[in-house]
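Both complexes below contain subunit A, partnered by subunit B and then by subunit C.
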Partner chain A sequence: MYRYVLKRILMMIPVLLAVSFVVYFLMDLAPGDIISSMAPQDATEAEIEMMREELGLNGTLMERYFRYMKGLIKGDLGMSLSLKRPVAECFFQRFPATLKLAFASIIVTLLISIPLGIAAATHHRSVLDGVSMVTALLGVSMPAFWLGLLLILALSLKLKLLPSGGSGGIQYIILPALTLGAGNAGHMTRITRSSMLDVIRQDYLRTARAKGVSEKQVIRKHALKNALIPIINVFGTTFGNSLGGAVAIETVFAWPGVGRLTVSAINNRDMTLATGCIIMFTIFMNITMLLVDIAYAYADPRIKAQYSN
Partner chain B sequence: MSQTENTKDLVLDLKNLQVRFETEDGICYAVNGLDLEIERGKALGLVGETGAGKTTTALSLLRLVPDPPGVVECEKMVINGHDMLNISIKELEKIRGKDISMIFQDPMTALNPVFTVGDQIAESIMLHEDVSMADAQRKAIDMLELVGIPGERAGEYPHEFSGGMKQRVVIAIALACHPQLLIADEPTTALDVTIQAQVLDLMRNLRQQYQTSLIMITHDLGIVAEVCDDVAVMYGGNIVEQGTLEDVFNHTMHPYTEGLFNSLPNINDRKAKLTPIRGLMLDPMDMPPGCPFAPRCPYYDEKCDLPQEKKYVTETHAIRCCAYERPGFHIERKER
Partner chain C sequence: MEENTNRISLDEYKKYKKRSLAADVWHNYKKSPSAMVGLILIVIIIVLAIAAQLIYDYEVDIVQQDLSQRFIAPNTEHLFGTDQYGRDVLTRVLYGAKYSLAVGIVSVAISCAIGATLGLIAGYYGGVIENVIMRFCDIFMGIPSVLLGIAIMSAFGQSLIVLMLAVGLVYMSAFARTARSAVLPVRDQEYIEAAKVAGVSDLKIIFSHVLPNSLSPIIVQVTMGVANGILTASFLSFLGLGVPVPAPEWGAMLSSGRQYIRDYSYLTNFPGLAIMITVLAFNLMGDGLRDALDPKLKQ
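Our next item is the complex of A and B:
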């Protein structure tokens, strides 16, 4: 098991190299650079060249990339060109807000999707099943920003229950978490339902019933634990994705997360900040997926046995 | 028969059991008016080919026929003094595993892959006995050792056991609370012959130890001869012949039972051709009103198309066959 985890951590290195390479080069392909927006209108050619050197933007693309990678290997993400502060500092200043929203929204997702998915599966082909599947489809298809705007209209403008945006106390996180969580719940409900449907006709549930286990326990204990693998997988991916920040939702609710930071870095052609943010997302996503794989082992002893081999 | 009825100590008293599955393609009549009585401590062999309704009968005793599509109707179902037709779900859960339990056919799928075998046995004990978790675990280890599995393997998962050992775990679960009535649904079909003998020995010993009544569902007549006191032969969702082992094996009366015996391979003449029963198992969607075996029966006449009454030939031996109304009728068992 420990060897498996170590192997997975080492496997992150090539992934990070590839991601940094691709992002750095894609950013270079984008038209315009930060100098054109920073330099005064009447700057001379020499002045611009000086600025370039100051910001480390001189030399060929390869030279710049290797200079950047030298820092990265030492754990230095460099200075943000537009904010004039270390990239890591900019990122981690914004990251707690994103983390908060990710946790709050995944709780909303779980609270909606697990009970709804189980109910749909245990009442297969009933009205309840139909209603929950249509609701789930709605959740999957509805754009997050639109749902967010609807919620703002209803809950903050009309009913004046919650603030429409910004950050602060717990009341500020409710709407963005609801919007993000409800959107993700659609997919999660469908996975929970189909996974439970696979398990629900298994012989071992009949064995459990024959022992005298109550129907509630048969579903919650015996069936759910067997249905967990696909649910954990989607749960992990969803959570990992929301660690990258939800740009639309952060924008709608003026939430100070890393999603908006990244988008503004790209818009400003802030090479180092954009690349740094994306590298951080890659790391978080990898860690989340590793945790997902470890969670598999706890859900299913057969997978645990595979890891030890 | 009727004089002794009041004095009998019945573990199972079942009258006119009907089970049908209402599917989109039509109604499948799985069990049609079956009666069954089992005295305490006795073992009954329920024999018949695949699709005869043996497992469905067993599942309806536990009230585990999936509904929908299953519909169970019954005049009387009393198990160990409990009227199974008029009890709440809660009471039913107390009876399952305690008064009546079942060994399922396929050990590969009958165990939950994500719980240790010890936990799966202990769960049953926790549900029915007033014991602590630690005591239940200890009892589970005792049960494992009783079925011949080292107690220290209680912490292992089903995938770490072989098929025969899994079957023994299934048996340990079924026997954990010493049920009064045990249903064994082809407990040896999935096993090697050598393991079969072990499992049968085990069940016999356990039955002696705990005075458990047994319904042994099988299509293996050899197992019936070895384990059972009484035999019921099922065809087309009903019992066509029923009696003691001696009645059914040595004084066979029903043409279907005859066909079953005649189709056994002859151990004394290995070159002899097998004699199968001609025709196919009938389609349960299209049940004839008369004898279900009539289309395949070598002794068929028009009276077979009328509903068949259960008739006692001797005090213990009953058949559903009208052919014996013909003067001088007898069947032909092959000599061995």
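Our next item is the complex of A and C:
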């Protein structure tokens, strides 16, 4: 089992290094020289060069990248120009909010998609099946940011039930989590339904029915347990998607997470902050997905058996 | 030697074979009402998008402001109402179809051309080449799509072309994975081995023997990819990082109507609806194509 964990970690390191290089390289291409906007009008060539050195912006791309990565390992991602604070500090202040939103949205996704998918599969080709599949399809096709605006309009501006944005108590997380969770639920409902349909046709279900097990028991005990395997299988990816989606939906609800921080950094042309946010978020997302996968491997006897000799 | 009168030329054979595959798929496809709805919707949207280009003048009908006509609620003269600058929303929504369609289709062409080729090569050769290509794709898979899109847009600046490129790169790896797993069952078939023994070049084997036999999942991915591409592009525009204003891109329209949502929610609802219907149409078509290409999968 250690071999599996070790293998996964070793495989992730080069990917993370490459990912951070791609992001660093892209953000380096972004127009707008920080020095020229920071330096006073009458600064001499030499003074500008000195500033460049102080900020760690001198040298070739590779030199700067290696310096950046050295800093990253020490937890130093440079200073944010717009917030006048260390980038790492800004990031870690915002990251928990994004994580919280991602968790809440997964709960919403599972609460919607699993019952809906099972109901659709057990009532195959019925009206219920049709309605839930159409709903799922609409969920997949609907732009999440528009769904968010519709929910704000209905639940917050018209009915005045929930705040339209910001953060604070539990009432603030409901709308963003609902928006993100409902969006992902479309996809998940389809997976649940098709996996349940696969299981329902298996011989062991026929055997169970023939033994006289009640229909309720057949679905709950025999079908559901097996149907959930593919869903648990993609849980790491689902969590990654939720984190990625959380970053996107934050701007709609003024949710104080990493996504909103990144977008406002880009709008303020604060590239140090934007680069740091994207690289750190990507690293944390991949680590989280890896942890979920490892936890799953421990729970799944098949993977365990593969690696224990 | 006796001349075989039943022989047809290779060209004729190819034509016959191609037609029969397409006809086969069409035969299955048209049986599904939802798939047909998707196809008809796509045709209508494309026709409307082209018509809007021919009828409306960009300067006069799309961007020119008329402040005396601000915020007119939907009525018979302005079916979708007018926006905060007095511009007709219906006209802008119709004209804006071209951005979403163009980004969706071109970006998928980019991601399919690069991604599927990489996937085919990876799947066909296997070994070290496969490992290198797939780890390269992991890099792009590892970055959340919205953040990757943001990074590319801020690197190369906002324009329609960059948006297409950004969305194309975001989804490239998905194509590589699909193509690779589609190739794997084909790779070890006897006819591939036969072609190798006959001395056919690898390039020719990949494109004329492997590709046609692993095409189905790629075709499905293309239609679904257009849908995802439109969603991602409109979101980037919503963030102000896509097609620059005052172009009537749907995501950008949603974003600019957002501050008036309390009183003039139609400003966000019509562009939102337009995005949803277009994406829905491509999703319906993708579902239909998947069933038509592989009837075994149909449940």
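Here is the rule we use: the second predicted complex is superposed on the first by the 227 of 309 C-alpha atoms of A that agree within 3 Å, B and C clash if a C-alpha of one lies under 4 Å from a C-alpha of the other, contacts with A are read in each partner's own complex, and residues count from 1 in each chain.
The criterion applied here is as follows: a residue touches a chain if its C-beta (ideal position, glycine included) is under 8 Å from a C-beta of that chain, and two chains touch if they have at least 3 such contacts.
Bear in mind the structure is a predicted one, so any value in this text is a computation, not a measurement.
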Subunit A residues touched by each partner, larger count belonging to subunit B or subunit C: C
Which superposed partner A:Ala30 touches (first subunit B, second subunit C, both, neither): second
First, second, both or neither for A:Val131, with subunit B first and subunit C second: neither
Partner chain(s) touched by A:Val22 [first = subunit B, second = subunit C, both, neither]: second
Touched partner set for A:His222, first subunit B, second subunit C, both or neither: first
Touching partner for A:Leu57 - first (subunit B), second (subunit C), both, neither: neither
Contacts of A:Met142 with subunit B and subunit C, given as first, second, both or neither: second
Contacts of A:Leu157 with subunit B and subunit C, given as first, second, both or neither: second
Which superposed partner A:Ala208 touches (first subunit B, second subunit C, both, neither): first
Subunit A partner contacts - residues on subunit B that touch it in the complex: 62, 64, 89-90, 93-98, 101-102, 104, 106, 109-116, 123-124, 127-128, 157, 159-160, 170, 173-174
Complex contacts: residues of subunit A adjacent to subunit B: 202-215, 222, 225-226, 299-302, 305
Interface residues, subunit A side, partner subunit C - complex: 14-16, 18-19, 22-23, 26-31, 124, 137-138, 140-146, 149-150, 152-153, 157, 194, 197, 240, 243-245, 247-248, 251, 259, 262-263, 266-267, 271, 274, 278, 281-282, 285-286
For the subunit C and subunit A complex, residues of the former touching the latter: 135-136, 138-140, 142-147, 150-152, 154-157, 227, 231, 234-235, 238-241, 251, 254, 258, 261-262, 265, 268-269, 272, 275-276, 279-280, 283-284, 287, 299
